[in-house]
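The structures considered in this document are given below.
Look at the two complexes coming up: subunit A is in both, with subunit B in one and subunit C in the other.
The block that comes next holds the complex of A and B.
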């Protein structure tokens, strides 16, 4: 058997996967990136190997992607997150037309054509608004763990609005809503809606068509995904593990390279 | 081979001072864009083109709104910080609202003379001439007062010949880049162009012809990355060309206001100066800042990209440049309709971190390479 690896070192998480000849996922790992992105990539890769029950010697080739793709020690090749998310999402959903990827510090909308080819893309990488970082700051202000934010939002009964786009100003809006005695559930919902609205703006710029798939860490937040589907007026699919789609794409590129 | 040009850029101030001394002419700062340098030179001045710099704004913020582009902002910063002390006066065109306002701010804040060449916004060539004939004399008088020389038919003819020669040489460099894509790196190419902003025309023409002579016998490397056409106001920041080089991108043509839009201009006809300046301003390349119903930017850009055999068009957008931003969505749509992929990067002259833009550019390249 031959195996291939993909390592996605983003600003917040380092994700790695191991696949086989058929592109089947054998193991993965997700770790915080921390200060040393090179180390984080290696650790994630070791984690994925362990999960797959393999050793580095079993792997034919590794590709990297993500913000720190050039710094990954194990990688023989690199591709951008855009190409890798498209490739990975296409492998999971062959009829995907639009990908929305919201990571830690950026968000992207990608239009995908046949074979997972990128037709067009837009990126927001200039501002934390509408990114995972935004959610983290708001979860902090609400003193709620990030992965509980959507459960909290599910209990919302009153519609509140966060009007600031800027993360810093939005945080003070949240703080002021808390001090006005507004329910945390309603605030959590308002925060999710703020992200969803920003994201729809991004997606509309690239044009939404075909099946919509959401990737990246923020896709783990059900509230954001549901709101996104509601505003777009189209269902939004989320892979079982949205955070490793980029790494999966990288592994597929590694597999497709001849030799 | 490119050292003389890079050296100019690593010491712009020293270069300008040295050139001004050698030419024995006062330095006149020429603001973007399309001010015929010939007029400045014929009035006895040494025109230096100021297309902004990498200074981070601080003092200029006291006078300019936050939605002012970094070209205008950094030019003013340079002046206020004392970096333009050798500039005796400024020549503006009414290129965009920002520059029109900037000149007004200069008139109040900066103790140096200025002139403004008003670019006509009219329907016909005749109306354009009428409009220019009323303002050109005043501009020329202002230039002569500033530079302290006299504009004569002879001085005009000399200036026209010199700058016409410079642009003709630059066009040869453009042609060479197109024919032998990859021969000149993107960084070197734009360094060569940019160096000309700070050099006397004769000296620069000599450097250019020496370079062209060397390049003539050289072959480009084997085919590599995608062929791009770049479109925007200003080809800075040069750092971005380094990234394009690293990605193996071969820029084969451009549509920059200080690139091809200026370089393509024919020798200024000086026998009938009004007619000559009118033709200089409006031909041959269209611009987002020039109103010319007879020269459609959409058709032009498609044609320009096709002729260059470009795989894609990259819009090089300087944040807050309104005229450029206004045209872009339609231009991009037209390119898409014509099957020419395009993308956009948003820039500021003083930017320091290019990581995110690097990702955007490589994703665009991956897209082009399919």
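The block that comes next holds the complex of A and C.
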């Protein structure tokens, strides 16, 4: 048996996968990137190997992606996140037309054509509004763990609005809503809506067509996903593990290289 | 940067220029915007000083942050063009590569590049208590009209009287004709140099042209400027004939829209070299070729010629004209894609850019990317973010090829 690896070292998480000849996922790992991105990539890769019950010697080739893709020790080649998310999402959903990927520092909308080919893409401008980082800051202000933000939002009964785009201003809006005695659940919902609306703006610019798939860490937030679907007026599919789609794409590129 | 032998001559030329400006006892000094009709100044032996050029030098020397902070400490908002802030700071601290600019006797400002310059020059006029002459060059929405030309020409005539008053002697029309000829000649060489980039592979890339802009911006209208660009033209033409590429292994040929990122020249150069991507043509460097666009017969009246040239700059015309011009460049220079620098400093250059990108991609079928940066303020620039976008763009050119 032959195996391939993909490592995605992003601004917040380092994700790795191992696949086989058929592109089946044999193991994966998700770790915080931390300060040393090179080390994080290696640890994630080791984690994925362990999960797959393999050793580095079993792997034919590794590709990397993500912000720190050039720093990944194990990788023989590198591709951008755009190409990798498109490739990975296409492998999971062959009829995908639009991908929305929200990671820690970037959000992007990608239009995908036949074979997972990138037709067009747009990314957020340089500010962190509308990215995962925004949600983290708001979760902090609400003193709620990130992975509970959507459960909290689900209990919302009153509609509130966060009007600032800027993460710093939005945080102070949240703080003042808290001090006005507004319910954390309603604030969590407002925060989720803010990010969803911003993302829809991005997706509309690239053009929404075909099946819509969401990838990246923020896809783990059900509230954001549901709001996106509601505003877009179209279902939004989320893979079982949305955070490793980029790494999966990288592994598929590694497999498809000859030799 | 491509190693042109002529480069050392440019350094000499620019050093001599700043040296004369800093030491002259006889000649008056005028601060002037990059798109103002400098020919009138040279005609009266006035030394023009370009704060924009100086600001760019400060940024390229990695001195702009300190200077901008000094300006911001005096209350200038971070939303003001970084050229203005850099120059305010250079003036406050007498800083930058030549230790501040020589004090002006008067100011000449033209609105064809932006409206920021009006307020900017008003600040300087107040500070030095000197007169400010504004040439109002209206926005060209759809084509040059007689009204636009006449309105501008009338101001040139006022400018002549203004200069006569300042210098205490009659305006020298003969000298103006001579200066104009030199200015046109330099612009013609500049344009010919830029057009050599139509050669595949290109012998000169846009980062080179940004570096070599100095004399055409500051010294057009002088013999030294003509000689310099003639020499550079010959050198680049030789390389074109010998097929010496400025980016070895050139695979992608790209247009750059808007100003350069002065503080990232080296890094971007390496970035593009590694990816075998040549920046081939820019709307920015092209702006200084304008004076050579008109045939003598067509524009026999020198005033109308000057008016047409200074009105007809890329950043002073509307969307339709921009898109037409850009599409033309895409074909003429055999480009594979385009990069649009949405420049936080330069609003008039960046407004409508996303729409422009869509439209240009659609019309040409070639990919383009918008990057958000600034020509002079490193504090709003992120290497990782920008390079992620540029890499994705290069991948899409690869996919399209």
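Definition applied: the second predicted complex is superposed on the first by the 258 of 259 C-alpha atoms of A that agree within 3 Å, B and C clash if a C-alpha of one lies under 4 Å from a C-alpha of the other, contacts with A are read in each partner's own complex, and residues count from 1 in each chain.
Keep in mind that, in the parts below, contacts are C-beta pairs under 8 Å (C-beta built on N, C-alpha and C of every residue); 3 or more make two chains touch, one makes a residue touch a chain.
Only a predicted model underlies this, so the values are computations on that prediction, with no experimental measurement involved.
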| item | value |
| --- | --- |
| Subunit C versus subunit B on the shared subunit A, clash or fit after superposition | clash |
| Partner chain(s) touched by A:15 [first = subunit B, second = subunit C, both, neither] | neither |
| First (subunit B), second (subunit C), both or neither touched by A:121 | both |
| Which of subunit B and subunit C A:101 touches, first, second, both or neither | neither |
| Partner chain in contact with A:74 - subunit B first, subunit C second, else both or neither | neither |
| Overlapping contact positions on subunit A, where the subunit C interface meets the subunit B interface | 67, 79-83, 106, 117-118, 120-121, 123, 125-126 |
| Of all residues in subunit C, those that touch subunit A in their complex | 342, 354, 361, 367, 372-373, 380, 382, 384-386, 388-389, 391-392, 395-396, 399 |
| Contact set on subunit A toward subunit C in their complex | 11, 67, 79-83, 105-106, 117-118, 120-121, 123, 125-126, 205 |
| Footprint of subunit A on subunit B - complex, ascending | 341, 346, 355-356, 359-360, 362-363, 366-367, 370 |
| Footprint of subunit B on subunit A - complex, ascending | 67, 79-83, 106, 117-121, 123, 125-126 |
